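Single-structure report; data block below.
We just call them A, B and C in the order they show up, numbering each chain from 1.
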């Protein structure tokens, strides 16, 4: 019989993985909630951030948890620029065009990474990469514990930004009613770019949290992002609590699914959930009807 | 009539190519280009004319490829029958995915996502299932006889794929003149208005999806006959989903020749880039990504659209008949 | 007593906590123009959406030519002969005027040549012959309204639902389009129109229903409805009817 300890450990590991999924999903849902587009470039940006985190360690000797403070603003700026100067203008405001432009960017970024860095995976070996903490009944990885806590800190910071700053309020206004916000004098182009920047910053932080135990290669981000799509759809497009809860749920499902059915079928399971949610309840658990 | 003449002219011109070109390298390039063009023609039916942007057309390419490969390798079925079976299987998968997605009322981003997800599910399943050869893939036995749908000469493959492309052109031409096509385009432009005018939007989209899937599946079946090998990343990988949508968008969505033109441009640029910088992986797709963004930004109706705009611009400035007059002058 | 072609019986439509339409009943006979008026937000467009199949009612039935058509989808209703225009015009923007009307014409005619002929005929009736080859998005508001009408007409309807077809038109444009609408009625088509332009409603409609806060509060001839105190109150507010009467007393 399956030991409950092993099961609980699988669940706990799932929660920790799920937290990072949630962070990636958070960025995606933020962008969807405000710009109303699925950012297909999200995965490629995550791959790029993983490489950035890798090189920050290898070339600059920066511990990833510190590199996050450098990479987050850097990727924020990148995201801002992408939306403001590429995606926004190129799309001419058409939904379908935005899909294609983000897809084009995804292809471009991923293959630029492939071209520049080849396909081999890069990993980072840190002093604490394999350290675990003894919880009495089981051992949990230190870095993943740190990730778990970090994600909630980031979520809290984001919530504070949304609730207290002018920009945050403007973002919420645009998400609710773009025309009204425009009429009230809010620069929607700027807000769109800010939102995209925030979403990309989330991805950068997630990359820094991941690199101690994960790897960087051009398609690393993709694996994560399809899961992130699932979470966003499950939790409800544009819903921040949805992304967090959905992330944790999916993390656990993946962990248990992989445990019982093997990794590949575990992934298939997630996609089937994804498809089922899209077909049966597209607005997810917490989302607003489209 | 004018449309059919144009198609006849283009096909005849392309058919003449092997008479002058004997280089295997060039012929190979053209065969692959036409095959990608065929896949793009499929996408164009649902994406270009129908306005439903699928990001997972690999699902149909791969199904066509695997069905014909499996039938030949595991069941000894004749290659031509396998080809037909592959097309039917691809169409069936199109019907399933389309049926589920359209019945659920999925549009735009959600539709793109669900098609992407289906393609990914198929990719993962094919990479572990024994019948598809799992990670190793399937090798079709070399048997250079016509009855095995394999040919000694590359030129014959060229004619086969050209014939398929010609059928694709005819289907697009039929679409533009038929009631079904009018309905499909109406759904693309404004689904609610179309429904108010009696168009059963769900049924129309579904039929378009099935036709689209069948054409792209044919490209997949052809791939297997030409390369004699198929595995999961080739069959269901994002590369084909992207190339299938890229070619009509660059060439001109919702036009008869768009996919073909786009394939020629895209593949030429890809090969040209590889030639200049050496065969470094990723470069061609990088260029595709840039092209996609640039085309959407500056020429959303693709090359065909840009040409039409240029023509209209000349007419506006110099009066009707100007383009023709200019062409006459240019000819001297 | 003219037989009703369209019969709406006690239709209600709820959106969460909001009861947008509350047990509304109306009827429209063939070859007559029936108007549905009421202050903004009364629920008129919602009622239209239910009648034309874009929304299912929460309660009630819709009958057409004797059949129960409640909840049937729009394309099926179009085939039965019910056509509608939209309050916010919905042209097929990228297509020419001819191709726009062609979509409607194809409902009854499979062959392209037949459908094109019908499209040209309809365009002539509505006054769009000169614009046939122009892209729909280059038309003025008045042109787009005519296009909505032409498209719906090309489906050869027996019942035409016009949702604020006069909105956004200046007085001379209204003066030009009113006879077109009247001629459609003369051909036997039943017309139900939601309208705010009172002059036009009063001169065009033979029977008027008034919807306020989701309920039908009055019906009758235009003159009867205009003098109905409940109607005055609905538009001008509580106590307005008394003020109006007091004003007349001087």
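As a working rule, contacts are C-beta pairs under 8 Å (C-beta built on N, C-alpha and C of every residue); 3 or more make two chains touch, one makes a residue touch a chain.
Quick caveat: nothing in here was measured; it's all calculated off a predicted structure.
**Student:** By Cα centroids, which chain is closest to the centre of the whole protein?
**Tutor:** B
**Student:** Going by C-alpha centroids, which chain is farthest from chain B? Tell me that one.
**Tutor:** With centres defined by C-alpha atoms, farthest from chain B sits C.
**Student:** Centroid of chain A to centroid of chain B, CA atoms only: how many Å?
**Tutor:** For chain A versus chain B, the centre distance works out to 33 Å.
**Student:** Distance between chain A and chain C based on Cα centroids, please, to the nearest Å.
**Tutor:** For chain A versus chain C, the centre distance works out to 49 Å.
**Student:** Approximately how many whole Å separate the CA-defined centres of chain B and chain C?
**Tutor:** 44
**Student:** Spell out the part of chain B that touches chain C in their complex, as residue ranges.
**Tutor:** Within the complex, chain B contacts chain C at residues 177-179, 182-183, 185-186, 189-190, 192-201.
**Student:** Under the definition above, what is the set of chain A residues touching chain B in their complex?
**Tutor:** 37-38, 40, 86, 89-92, 94-97, 99-101, 103-115, 118-119, 218, 226, 229, 233, 264-265, 267-268, 271-272, 274-275, 278-280, 282, 290
**Student:** Can you list the chain B residues touching chain A in their complex?
**Tutor:** Residues 51, 53, 55, 100-101, 104, 106, 108-110, 112-114, 116-118, 120-121, 124-125, 127-128, 242, 245, 249, 280-283, 285-286, 288-293, 296-297, 300.
**Student:** State the interface residues of chain C toward chain B in the complex, per the touch definition above.
**Tutor:** Interface residues on the chain C side: 52, 54, 73-76, 78-79, 83-84, 86, 90-95, 99, 102-104, 106-107, 110-112, 115, 151-152, 154-155.
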